[in-house]
Structures are given as C-alpha cells and as structure tokens.
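Here the structure is laid out as structure tokens; the discussion comes afterwards.
As written, the chains take the letters A, B, C and D, and residue 1 is the first residue of each chain.
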Amino acid sequence: MPVPEWLPGRRTKEAAQSNDAAMWSKCPKCGEVLYRRDLAANLFVCSRCGYHFRMGAYDRIVSIADGDFTEIGQDVLPSDPLGWSDKKTYPAKLKSDAERSGLSESVVCGFATIGGFPVALGVMDFHFRGGTMGQVTGERITLLLEEARRRKIPCVIFAASGGARMEEGMLALMQMAKTTAAVARFMEDGNFFLMVLTDPTTGGVSASFAFQADVIVAESKAMIGFAGRRVIEQTIRQRLPDQFQTAEFLLEKGAIDMVVDRRKLKETLVRLLEYTSPNRVILSEATPSEQSESKWSGVEGRVREQ
Amino acid sequence: MSNNVIVEREKGLVELERRITELREASAAQPLDMSTEIAALEAKYQAILREFFGTLTPWQKVHMARHPARPTSLDYISRFDRFDELHGDRHYRDDPSIVGGFAFLRSRAVMVIGQQRGRDTRENLRRNFGMPAPEGYRKTSRLARLAARLKLPIVTFVDTKGADPGISSEEHAQSEAIATCLQTFATARVPIVAAIIGEGGSGGALALAIADRVLMLEHSTYSVASPEGCAAILWSDASKAEEAAARLKLTADDLRRFGVVDEIIAEPLGGAHRDAEAVVTRTLDAIDRSLTRLNAESPERLLDQRYQKYRRLGEWRAESLAPTGTAQ
Amino acid sequence: MPVPEWLPGRRTKEAAQSNDAAMWSKCPKCGEVLYRRDLAANLFVCSRCGYHFRMGAYDRIVSIADGDFTEIGQDVLPSDPLGWSDKKTYPAKLKSDAERSGLSESVVCGFATIGGFPVALGVMDFHFRGGTMGQVTGERITLLLEEARRRKIPCVIFAASGGARMEEGMLALMQMAKTTAAVARFMEDGNFFLMVLTDPTTGGVSASFAFQADVIVAESKAMIGFAGRRVIEQTIRQRLPDQFQTAEFLLEKGAIDMVVDRRKLKETLVRLLEYTSPNRVILSEATPSEQSESKWSGVEGRVREQ
Amino acid sequence: MSNNVIVEREKGLVELERRITELREASAAQPLDMSTEIAALEAKYQAILREFFGTLTPWQKVHMARHPARPTSLDYISRFDRFDELHGDRHYRDDPSIVGGFAFLRSRAVMVIGQQRGRDTRENLRRNFGMPAPEGYRKTSRLARLAARLKLPIVTFVDTKGADPGISSEEHAQSEAIATCLQTFATARVPIVAAIIGEGGSGGALALAIADRVLMLEHSTYSVASPEGCAAILWSDASKAEEAAARLKLTADDLRRFGVVDEIIAEPLGGAHRDAEAVVTRTLDAIDRSLTRLNAESPERLLDQRYQKYRRLGEWRAESLAPTGTAQ
C-alpha cells in the first residue's frame, strides 16, 4: 500500500509510527511479536493467526480507497451540549482522544473511488470515544448520505462503535433517528447501501443505520450485537459462550450477509459494487489492488466506463 | 421496586392520610365540629406534599417514572373510545411487552402502539418488565406499516427501561428489529404522535418515539441510557446512577429545551398516579389536538417536516479547519 | 337470524333441515345432543361446550351479512382439465359434492353489507371438496378482489380449506399465484383486506391469500397450518400435542391477530370495518344485529354516512 | 434414494459401460483391431439407452427429477460468470436449503436464488434435502426485494420436494413465509425468469416460480403435490404414488400445454446428469435470451403482463345459471 500524499498528519500516532521498523505490537490472540511496519503492510492482521487488530479510520481508507479521498464534514466539530463533567470535563476527553487518535470525531466521511467506482465512504474509528455516536458523528454521516443521494452513488460505511455517546445525552441518541431517516431517503431512491461491520459494533449504531443496509458484510471475528456482553451476562447471570455475538455467529443466525477476512475485503467490496453499478461490467480477473492503481479515477462522480 | 425513593417518601404520608380519613369519618358520625382540626391536618399534609414533591431532582424523577402505580400504556389506551388489540409479528411470537391495535380517540380512528410493563409482579413477568424483544419491535413495525397503508394516524406510548438484552433477543437480531422500527416511523406517510409516559430508555424507547410531535409527562424521563447503565458504562459502577441521572439531562424540561420534546404534560403534585384520571384525560386531549393540527398537512409536507426536525437535532461547532493534508 | 328471501335453495341439505325441529346433531366434543334448529340459531356452536361446528357458506353469509347478498361468479363452473378419474371420475365427484352441499364450488363470492359497510365477501366451504382450491375457486376469488378494488371497498374472506385440489393438478396450484397477485393489487391501492380463518385452513390457501391479509382473525379452536397434521407426524415420527396448529397456538406464535368466538364474530368484523371505513365513525353501542337491521343499505357501494 | 427407478436401470448399464471401456483400453494397448467389437457394443449400449430412457413414464420422470446425480442449483450457479452469495433472513437464521446472491450471467448482473438439495447425505442433512424452512423463504423475499430496489433481474432455480413440513416451520409461520414470497415475486418491478431444474413440489416450489418466463427441463416434474403426497391425500395410500404421478400431469409437456411453463429445455438421452455441462449451458443460454427479451419491456408493462399471465391460468365452464334465488 503506497501512502497517499494527503495522508500524513491524519493518521493515529500508532499508525504513523508504523514506518518505524523498530516499533512492535504483540498479537493479543497468539502472542506473536509483530513489527508495526509488517503489521501495517498486512492490513493490521496478525500474519501468524489472522487476528484482526482494530484499525484507524485513515488506515482503513488507505486500505480500501484507490488512493483518492476527499473528506467532508471536517468543519463539523463536537460541542458540549450537556456541560458534562465527571473525572474530566467532556471537552477535555474530546481533546485527549483527538490527540491520541489524530481524529476530530468518531467518524471520517468523504468521497473516494473503490476499484474505480465512485462511492461515499464513511469510516468509524473505535479509537475516538470508543467509536460512540455523538451529534457530530450523526451529522457527518447524514451529510455523507445526503450528498451520496444527490450524486446517486453507492454509500459504504465501516461501523465500529460502542453505541450512543453518554456525554451528549439524548442528543446523541437522536442521531439514531437522524441517520436512519437519511438512510431511508437514500435507499428510497434506489441507491446501494453497503455496510461493513468491524469489531466492535453495538448499541445505537448497530440498531440504526448499520442494520438498515442492503448488504451487510462483517470482518472475521468482529463482535456485533445490540446489548453489550457484560449487560447480557448481568441480566442472565451466567457467562456467555465465546462464539456469542461474533460475526460468524451472526452469519449462522441470518443477521448478516457474509463474513470476510480483512485481506479479502477490498476485493469483496469491489465485486459487490460491480453488481450494482449503473454501468454493470465485470472487471478483469486482476487483483483489486492492481486494478485500483491502473484504473484510478477522480472523485467527482465520474462513472467508470468500459 | 421497594427501593423506589418516591415510594419511600410516600410511606411517610400514609400515616397522615389515615389520620385525616379517620377524623373525617369521626366528624361525620359525631355532632362535634372538627373542621378546624381537619383543615389543619390537611394544610400540613399539603405542606408535606409540596416539600416532598414540589421540586424533584432528576434521580427522583427517574423513580417517579418507574413508580409501580404510575399509569401504563394500557391505562391510557383503555380510556380511548374504543380499542381492538392486534397481535403478533406474523413470524414467531406475540410479544406482550408491546400492545397495539386499532382504536378510536375522540371519534378519530388511529393505530395505537405502546410499551407495556406489568402492574404487578406476575404481569411484569409476562410482559418482560416492558422490555420488548425483537418480536415486539417487529409487531410495532408491522402495525405502523398497516396504519400507513390504511392512512390511519399513529399514536405511541413510550414506557420502557430499554429493549430486552437477553440471549434470544440477540439471536433474533434485536438491532435489525429496532432499526426497522426507526425506519418505518421515519417514513410512514401518516401523522405520528408519541407520548413519553414513563421511563424512556435508550434506543428501545426511541424505536417507538420518532414522531411528528413528541409529548412528555412532566415527571417522565427519557435518556440515552438508564442512569444505572450510563454509570456502568462510564465508570464501571452502577451505584453512581444518581450522579449519572443528574448529568444526563433526562427531564422533560431539559428535553423540551433541546427540541427533543415538543410539549410537556403537567402532572399533579406527587406524580401522575395521584390523579391518573386527570393526567390520562389531559394527555389524550393533547394527542387529539396534535392530530388535528397534523391532519391538516399533506403527507409530503408531513414527511419533509419530520425529516427536517430530526435533521436539525444536535449542535456542533462549525469551524473551517486548516486542512491537515490536501485531498487530491 | 331471520332467513333472507334469497336464501332458500342455496343452503346445504343439512342446514335446510335445520327448520325441522326433530332433527338433531351430537356435539363431537362434549356429546351433547343438539337440535338442529337450536344449533342453527346458535350459529352452529354447541350451547354446552362452545364447540364450533363447520359452517356452510350460505349459513355463514346469513350470519355475517346484514341480510343482503349479491352473488358473483356463479356462472364460473368447474371443468376437468386433467381428465381425472380414480374410484370415480372428477366430474362425478363434483356432482355428488354439489348435490350434498348445494354449492357449485368451494367458495361463494359476492357483495354484501356488514354492519352497514359495503364489502366484498368470499366464503369458502369445507363441504365442497374439503374446501380445496381449484381453478374456479381461484377465479371467483380473483373476480371478487378485482371488483372490490374497482369499488374501493374492503374485502372479507372466510377461509376453510384442505389446500390445493389434487384433481386439477398444477392448474389448481397456480391459483395460489393468481389470487396472491390479485390480493397484492387490491392492497397496493390502500384497500383493507380482512381474513377470517375457520376450521380447517391449510396448504395452498393458507400459504397464499389467507396469510397476506391486513388483519387475520381466526375462529376459536380452528386448525390452521401449512402442512397437514398427518404429514408432520409422519415426518417427525411422533404424535403432535393437541394444541398444535390451533388458532390459540398461532396467536401465541404471533401468526394471527385475534381469536374470536363465532358468536362474537360479526360484532368484531363490524368493529374492524369501522376503523378502516372512509367515513370513520363509531357506531352506537347497539349490538351489530340491531344495527344491521336498522341501517341496511344497498349493495352498490353506497358508503354509510352519519 | 436407492429405490430410484432410474438409478436401478442405470445399474444395468454399468457392466456394459465397463466392458466398452476395457475393450477400448485393450485396443489401445494391443496391435489388434477391435473397432468392430467396440462399435457393436456401443450400438448395443445406445439401443439399451434408447430402450431404457427413450420414452419415460411420468413416474420415471419423477425419479429422473430426483436423481442423486442430477445437476442442482449450485451446479448451474457455479457456471455463472460470477457469484457472490448473500445469507440470512435478517431475523433468525440462514437457511442453507436456499442459496442466493448477486451474480453475473453473460455479463449481466442479476440476483440468483435457488433451492439447494444436497449432493450427498451429509450435505442433504445440512440443506434439509432442499426443503426450505420459513427462514429460507424469508431470505428469498429479502433478496427479491433487494433485487427490485437495485433494478437487478431475478433468476430462480426450482428444485424441491416441497416446503419443510416440520414443527418449527409451522411455529415460524411457513404459510406466511410462502405467501410473502408469492406476493414479492408477483409485484417485483424487474424481469424474473424461473427454471424448474429438478422436482417442483407444490407451494414450496411455486414460492420461487412466479416469473415472467418459466423454463423447465425436459425430465423435470412440477406438481400440485408430490405423487406420494397426492396418493396419501386422495387414497390414504402413499404406495399408489405411481398412479398419482400418471394422473397429475406433472411433465414438462403437460405443463407447456397448460401454459404453466413457457419453454422446455432438452435433456440428453438418459437425463441431464449424463451431460451436465451441455444442459447447464443450454439452460443458461435460454435464461439469457429470456432476460434480453424481458429487459426491453417497461416495468409497468412487465408487471401487467405477469399479472395477466397468471390471471388467465385455468379453465372453467362459464354458463349462465338459472338463479336459485334472486339477490336483493
């Protein structure tokens, strides 16, 4: 993955450090020591056991888009409607999360091409407030859907969320209503809404736009559910099986369409976009990364023709 | 429910109430004029009522909203001019924690749907303490779609701690069920009025509360999570629920200010259960007035206004950022 | 129930005999001996245990309509497309069923008023070929739905069926497609489709128009299902509980809206029609039969006003 | 399946096939010219083939349709230019007896949905012998609705004894699931082509077979009930299935005559499995041709034609009856 020009300065510190060959991470599943550079090159998947590390929004965009990305909604920034304060004030929490993650909110939205197809792309990031949905999250996603509807292009959203954000109270919860209404309008016009659920997707995000999508793809082993594991265990007063709420479990339960290994994800998205593109054509059998390099096209809604 | 702070306070009133009643009976049976004594006791009683309930903290309101005697959805629905309950999600189960069906309200045919907790332990078990399973939300969507097809306005009553968080609810795709509810209410081409009558807990409450007009009882609460849940999530300590309640801005006044709620229905001193009759009538009147106003709108305008209403909810700083990198 | 003028000659022999005070039936559930005249007066419900006898189509119409009924589709009569013959020829079977039941097919369709509301009314009858759906059944129901759609009035159908009729082969099965399509068109226009499931409703009728309805009412204890009880028992090789596939069971399983005692059925239908009538008004608290007599209106789509 | 009458007949051919193969191998290894002997044996083999399979009774066709080696839905789908399977009903379960997803057929994007029986015992258990549960029909409806939203034509493959008749299927409202399928296909505003590739059993088959154009393999069957079921229903004697098969008019020719089927796809002598490659190609070609023709129609016209097609199915005597009573 070549690093695009626009990227530096937008990534998490951790990801940025991935160019430093000496930095390493330990796989929480198999214990393997993985050099950051290798890990990043492998899309943050453990090369030994296939464990999927949580991925930063910009790293995700780099791994999925063809190299182009025009961000929208960066000027929409969180406020403190409740005047919240506990151990820290809410603004202080936002500030430290922004510093740690390099993000201004829990979602990054914009326009890109994927395998040559222009799409609206929203990527949530668990590193910012646990990917919780606040007012800005909802506003950015709504802006994205409205613009995608105007452009009549598919919308692809990567979910990663602990649910609605407590510190913004009911105004956070109302983003479920807002995003749902925006999705409904987008879909009523016959546009394609493609969702990728990543680890973890729960609560208010899971129970609104995430499960409204036409096609729902989940990353291997991602934890997906409405209620959190702890809440359920407290309710039923027993431990849940490990498999419960995993992507694989949901596939069996009929809740999602497919489970995909992150290393096959871009290829899968391109295939799915091909079926629903206005100019339906089959790409050559070249791998997606080859295609995306050779067929790069501008972001302004030009439909690839062949 | 015995550790309900409102119920605890009410226990202190019982002795006084008993004495007033006794005195009244004695006064009626005897020639003695005890009106002065009775008036004094009643004045005291009213003073205590005001002291106890005149100003409620958010935490006290949470308990008022959960008060076991607080009118439930069926207490409102039974005061409609008529109600015929419809059952089932057509797939798997009839979920008793959602009650819905055709009704006449002030001679107007409507579809009414409410979350129903139990009024005693047995009913609570049957109704899962008012926490709907996916089947309940699917029944809700089905009835809302039916109403939209038949051009019947929709009235909802919200009263739930939240959606059921059990194993089978997860297995039956609770997320999808709630999301479908939200989408159905967001797109239904008929007027919708929602009334938050008790506890409005999280997405499980919102699933019945996307409406053209949202009414809320004075002492109801409506929040992003239950105070206990919020405290557990933020501080891993459910016992800090009172603190969470104070911070969450979950009272009707707060939510009216935020634009989440359109109208507040007053409750008598001490809460809706102290004069259920009056509160129910007042609520039904408010619903009826709302429907009359909404019925004047075309479906297109209604839908557009509903969209814009939720579109605008929220506040944020909008500043032009110095780009950290230039997009291609 | 006064017997309307048009009725004589259209009822089953058994029902016609109900004026003969000496004829009696034994309740299959409680064993009570019931005089036919009393039984008919009680809507064919056992006065001792509430057992619902199967009801003839015209008896049903008399019990539900306000006294008026204009039949359609009587000139559509069964043919023998497969040239079927087993112990008897198919035409011979049709003939003997017609004689026994007084019907020309398994459904009677027409227009009536119920509690003053003009409706399209279809009533299936188990006494004719076990209520199976043949080509004429499908054609008559389709005619009914098409005319109801033209008149923009509700359609009420009473189902009673053993499924698709074997002797008409695939042409019988195709009536599922035909009626379903007619229902879909009828409902797309915003018309109200009300279904009453009576004992038994299974197979091709259950799996087509019966379960498409807006509101599904079932008579107490009616057996309702897709597969027949025997088929299921053979499949699973064990006996099913008695409660399985009863109306009450289905209510619990969320498949139907309500279970109603036949003696409350007309009242219930009137209530349901009131909610969905274009002029929505509440009837007085008078009983439906009183109302229907005082507010009788012609069949030609005049909407009751108040 | 071992009492499949076609499989039994094929056993008689195995010895002959073995001898021809041996003779060929011997001929290749030795200088001796055995071409005359080989030709004689092959002629005999062809004669037997014609005798065995040249004309099949309805009962034999039933067994041909059920032949364990007969190409299944996935054998067709795997020959599409591409296939991406989608799973689940979004509510309860992914039913493996229904396979569906996006596909490219001759460069045309379509939604393909098929009933999938197993190709061995283990797969049969997993796929419930191709008998869909309500969850399978709900997956089918979901995918068909998705296709209609995205304006993708729908291709279905029908191959089932019938809908699953088990306890949980009844509990999960099998009737409603099938009825919803029928309604979805009847109203989907995109071209639909159905191919009856094996056994088309009853309403469970029809649920995937409401289409603008219905193709049927020469030796497939499609009937109101399985012959066994028909015999059990009419005569309470499943062993009279052969007689039922003869009466039910379940062959492609019969159904073409009735207008239930629009086009018959030829099979090689001895059945589709004797040259699966050719049959699959021929079928996909026919589907492609149908889609090309249907794509030219407007959605309105398509829908109207589909309605009229099913509207007209059936025949009846139409006679003016002397009214037995005069309606008011």
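Just a few scattered comments:
As a convention for this text, a contact is a pair of C-beta atoms (placed from the backbone, for glycine too) under 8 Å apart; a residue touches a chain by one contact, two chains touch by 3 or more.
Every value quoted in this text rests on a predicted model; they were computed, and no experiment measured them.
More contacting C-beta pairs link the chains of A-B than the other of the two pairs A-B and A-D.
Taking the CA centroid of subunit C as reference, the farthest chain centroid is that of A.
Centres computed as Cα averages put subunit A at a distance of 34 Å from subunit B. In terms of their C-alpha centroids, the spacing between subunit A and subunit C amounts to 54 Å.
One simple way to say how far apart two chains are is to compare their mean CA positions; for subunit A and subunit D this gives 41 Å.
Across the assembly, subunit D contributes 90-92, 171-173, 176 as residues in contact with two or more other chains. Those residues of subunit C in touch with two or more other chains are numbered 211, 253-255.
Interface residues of subunit D facing subunit A in the complex, by the touch rule stated above, are 81-82, 84-95, 102-104, 107-109, 135, 139, 146, 149-152.
Within the complex formed with subunit B, the residues of subunit D that make contact are 90-92, 134, 138, 171-173, 176-177.
On the side of subunit B, the complex with subunit A involves touching residues 163, 165-167, 169-176, 178-180, 182-183, 186-187, 202-203, 206-207, 210, 222-225, 229-230, 232-235, 243-244, 247-250, 254-255, 258, 260, 306-307, 310-311, 313-321, 323-328. Taken in their complex, subunit C has these residues touching subunit B: 187, 190, 192, 211, 214-215, 251-258, 268, 271-272, 274-276, 280-282.
For subunit A in complex with subunit B, the touching residues are 4-10, 67-71, 74-79, 81-82, 84-86, 104, 110, 135-136, 138-139, 142, 162, 164-166, 168-178, 180-185, 188, 203-204, 206-212, 224-228, 230-232, 235-236, 240, 244-245, 250, 253-255, 298-299.
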